[in-house]
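Below you'll find a set of structures to go through.
In the two assemblies presented below, chain A is common to both, partnered first by chain B and then by chain C.
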Partner chain A sequence: MSQLDPTLDPALDLSLEAPRRIRRGFHVPGWLALLLSNTKSRLGLAMVGLVVVVAVIAPWISVADPNGFSLLAARQAPSWNHLFGTTDQGSDIFSQVVIGARRSLLLGFFAAALATSTAAVLGITAALLGGLVDDVVNVLINIFLVIPPIPLLVVMSGYVQDHGMTTMIVVLALVLWAFEARILRAQALSLKSRDFVDAARASGESTARIVFGELVPNMISRIAAAFVLVFYIALLVDAGLEFLGLADVSKTSWGVTLYWAQTNSTVLQGEWWPFFFPGAALAFTVLGLVLLLAGIDEFTNPRLRSEHKPHRSRLRMLFGGRLATREEGVS
Partner chain B sequence: MRWFARRLVFYVFALWVALTINFLLPRMMPGSPIDGILQHLTPAQLAANPGIVKTYEALVGGGNNSIWQDYITYLSRIVHLDFGVSTSHYPAPVSQVIGQTLPYSIFLVGVAFFLSFLIGTGIGMFAAWRRGGAVDNILVPTFMALSAFPAFFTALLGLYFLGLKAGWFPIQHAYDNGLSPGFNWEFLSSAFRHAQLPILVILAAYTGGWMLNMRTVMINTIGEDYVTMAHAKGLSDRRVMTWYAGRNAILPPLNGFAALFASAVGGLVFIEYIFSYPGAGLTLQQAVLGNDYALAQALLVVLSVCVIVANLLMDVLNLILDPRLRTG
Partner chain C sequence: MTAAAPLEVQSLTKHFPIGSAVRRAHVHAVDDVTFELRPGTITALVGESGSGKSTVARLLAHLDEPSSGAVLFEGSDVSHVRRRRDVLRYRSQVQIIFQDPFGSLNPVKTVRHHVERPLRIHRVVPSNQVEQRVHELLRTVGLVPPEDVAAKYPHELSGGQRQRVSIARALAVEPKVILADEPISMLDVSIRIGILNLMARLKEEHGIAFLYVTHDLASARYVADDILVMYAGQIVERGPIEDVLSEPLHPYTRLLLDAVPDPATKTDAQEIDLRKGDTSAAVDPSEGCRFRARCPLAIEICSQTTPQLVEARPRHAARCHVTAPAS
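Our next item is the complex of A and B:
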């Protein structure tokens, strides 16, 4: 601990009391407290949380078999019997939407996890090794940014015969990793030349220790932002592929419900509910993730904050203080 | 100029990699796409085109040639713009099908993207200049919410509410039935009418991205010393905003052009599908569904080329706006 440590500054000491109390009282982990302290990420978290809860309890709240046929109940507008109306096969759209949330969320989550970890591993490796490896990764990233991703995915999903969950996750991750790899590489590059990394290297720490002890903790908010970004892109793209009929349309998911709505041209017959509810569910989830992302971005770039508070929020102070401690403490 | 030369080399390289990926994709996937193609042709059609099987083998693999021979044949065919015969539009060659559909897409995405850039950066610039003003508090969140909407959902909403219910726009196809494409007033005005709603949807989907980028960079730029200096010189507010802060702030968003344009070309697939707009996107979707891999593959090449050309144009613009690139 050096003299520059902000916790020793009497003016800032008071502001650090509050978060400690919160953490002691409710045992809220630090990162969650941080997300809850920002209006945008709080709202985003609530929206995404709601969708996740609905997906988890889906089997208990769905009123009918999502793929059940009933010609008597076909093409009904929303009513108390069928909250979201019925398809032209008489399936209950409410059940399709709540059950479909599971497949859509799982696919998006795992595709985002795979794409983000690929981006982080490649970005950090390229930045650390430099030279030829860095050049190759950099060119690869730029090439993936000029090949239009959706046409590429459309063509790829035409070639793959099996449209199972695992295949789709791998295909999505393969196309979407480049989005954030560039930013993560740039950030790793700039961190690499900081004093505290030099200090760690000078004191003989292993590369693994430098990566996981010094680089990753400082990049974690950007990695989290990358994950959220790719998560919603994957959700959109996957639903889009299903909508185009290029996925397994026998499963239940938001995109598949949209696909049947489009295939049977229900819109042109004046039926709005078959496309509206799955589309709105998707838009709701994506909006939640976008707000969450905006919140995370505001921690990393304080200038973006829209609120005009006279003082910095206490929790942000804690975060800023921690980062400073880390850097000053090492150097 | 060295910077520009480096970009050119990169684009040529990127094009080569895109072509190679396109060549390898059908060969890496399980199953053999060539059977899918050939089952769409009758024996009589095959007999009428003696070289056709060889062409398809070079394009998607499945023949007895070594992969290197295929690769050479593939590249030379692409250079001669010979992508084989489309099975779904038999007997039209793939290049002809693309020639008929691509102009619609270029028109749609070109106009919409240019407009979204103008509107988005304009609003972003102004919102940052007057933080917390009416534009910042109303237009920014509105466009942000719109851009978070899935493009196909916005398109469906527009189709239903503005097209079908309100009847303000035609909802299907690129021009009125009964007209044939040509350079006459009747056709062009009909084509323009039919493009309005798709263009509005693309605007709704992509303006937010430009706006947010521009606003973010602009907020950082406003704090720079040269902006304060410009104010101190007594320059008008508008001149400082556009010519001092805005001109510098626009460079980073322009560099994000590649990813945004590539995604807009992708969004085109959905929008054309929903509006039955006979462009390259709709053709791509139908080619893939109908196992017409020769057409699908060629469309992917052509769309990649479009994105590369658009990037090249943006680089030229960048060169004009940023004097540092000219000397470096």
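Our next item is the complex of A and C:
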């Protein structure tokens, strides 16, 4: 390898065989192999995967109707009959937690998808077109950045009559897109000034192909990180709103269980389980996502790398990490 | 001289605005530049940093639009064409190689992608022959075995190999003109000669007209047939390279030549008559020679009238009141 590129990691050369072997053996897609090669993202992936599996099989493992009403069964501590205990109304908390996982995951996923795609489209468009479009997008970003999100959410959910999931997804995406849009815009700006973009133009590539074929593949890791980040912030904020009673509290979700636990002052009566189990489920999911994010960040930012496994660098490459490396080298 | 020039440049001018809207100034990056590129000829474009030589290459590559002047491709002005079909037709004949081999290839794409895209965009060959043509092109630029190289990512290649990929990409469309923007300046000295020889071979075998942008007179002398010397956006001297370098007319060309260390003389024996440079010579220039502040030969007229390119010797012109006076 040449000494001309000071940012080249000497490990790069040795790195090329490991992921291919994995791929050949089990037909693991490249990005997954990369996520699995990092301890943090592997753990995070396993945790999130567990929650997803539970959410999928929830109707078969929930032993009772999550909103079932039975005074005979009310306020029971965890037991073999009711693993996570019961609420004041006698509903089974285990069923509420596993069914509630569905709403939390769906909401987080779609809010993240909407916020990230908005951020990516607006950020990249602004960076590429520049001029007035860039100014307008920047003003929008700045407006949404200076508005404190939680009060805005409270006000919005107070005014919006319909508290369905779609509304919540849109509301969450609306307050969470701006931060990522700014980051993606900055990255697109730095990428578009690089020679390979001019080279693609000189080859005759259309603008659309330059964006989706040349620029976006270099931004995948940043977009993935944005997605995971918005995912867990959306989970937390949604649970918070539900806890405050600003969502539809007749539905089943972790935040709603917490809301009823708080409304009925269960802790004052010595009942810890209606708080603990949905809270632990939320914390577990968020921790999984945070670990996943930390793993992705490690591929893209070599300064954060905790260990030096050779195949890590392959990972950085597929995730556009080479760019991050070069930029780090300058600063 | 030989065949008709595929690419002709007439009074090409590019001004870049600088400063704020209140104190707006213009850099005359390229000012009234006229030359032509002939098939099977390498024309060197030399000058110091900021002289506008890379801007010329970018203008010719249709990456920037000139402020005025014309780029004539086979007789028709292409500098302002916008229609995608026309732009594509131009790009299929005129290609550019960039200076930075580390920046000009997309880090997440394989070598195959880089060479294959132009083939597909311009439908150079039917799509079932693309793979085969990619291998041929890689072989042409000396990247063997092509099957292995095609699957590699840019970071797996050395700087020289990457530059060869850039050349293969430029060659893919079978262009008549290749603009090489300092193709060797970022390479190890030991591999520069390989790239220069490759350019010379492509010139001979394919009759390609090269514009070789460089600041390195030695490599220009090695590979080029003609030379254009730029200073502050203007061509100050042009002619066959041997004539220009052996008997330079313009004091700036002399200065460039003096700046090349000569191993035959002792270092302290070499004295370069150099006055303080003024790099802002291209910012809103006033009438007069732009080199006058640094020129050892400057006389009164130099600050009053802008000199014109005058053919003082056959095919050898300079822009200087003293050495090439307008008769």
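Keep in mind that, in the parts below, the second predicted complex is superposed on the first by the 292 of 331 C-alpha atoms of A that agree within 3 Å, B and C clash if a C-alpha of one lies under 4 Å from a C-alpha of the other, contacts with A are read in each partner's own complex, and residues count from 1 in each chain.
Going forward, contacts are C-beta pairs under 8 Å (C-beta built on N, C-alpha and C of every residue); 3 or more make two chains touch, one makes a residue touch a chain.
From a predicted model like this one, the values you see are computed outputs, not experimental measurements.
K.L.:
Which chain, chain B or chain C, ends up touching more residues of chain A in the combined arrangement?
P.N.:
The partner with more contacted residues on chain A is B.
K.L.:
Does the superposition put A:239 against chain B (first), chain C (second), both, or neither?
P.N.:
The first partner, chain B, only.
K.L.:
I'd like to know which partner A:92 touches here: chain B for first, chain C for second, both or neither.
P.N.:
A:92 sits against neither chain B nor chain C.
K.L.:
Scan A:262 for contacts with chain B and chain C and give back first, second, both or neither.
P.N.:
first
K.L.:
Does the superposition put A:180 against chain B (first), chain C (second), both, or neither?
P.N.:
The answer is neither, since A:180 touches no partner chain.
K.L.:
Applying the document's definition of touch, where does A:298 land relative to chain B and chain C: first, second, both, or neither?
P.N.:
A:298: touches no partner chain.
K.L.:
For chain A, what residues appear in both contact lists, the one with chain B and the one with chain C?
P.N.:
Correct list for chain A: none, the interfaces share no residue.
K.L.:
Where on chain A is chain C touching in the complex?
P.N.:
By the definition above, chain A touches chain C via 1-5, 8, 12-13, 16, 194-196, 198-206, 214, 217-218, 317-318, 320, 322-323.
K.L.:
Applying the document's contact rule, which stretches of chain A touch chain B when the two form their complex?
P.N.:
It is residues 139, 142-143, 145-162, 179, 232, 236, 239-240, 243-246, 258, 262, 267-268, 270, 272, 275-276, 279-280, 282-283, 286-287, 290, 301, 303-304, 306, 308 of chain A that touch chain B.
K.L.:
Mind pulling up the chain B residues that touch chain A in the complex?
P.N.:
Per the touch definition, chain B meets chain A at residues 10-11, 13-14, 17-18, 21, 25-26, 29-31, 33, 132, 144-145, 148-150, 152-153, 156-157, 159-160, 164, 171-172, 216, 219-220, 223, 258-259, 262-263, 265-267, 269-270, 273-274, 281, 284-285, 287-289, 291, 293, 296-297, 299-300, 303-304, 307-308, 311.
K.L.:
Which residues of chain C touch chain A in their complex?
P.N.:
58, 61-63, 84, 87-88, 91-92, 95-96, 98-100, 102-109, 117-118, 121-122, 153, 155-156, 158-160, 166, 169, 173, 186-188
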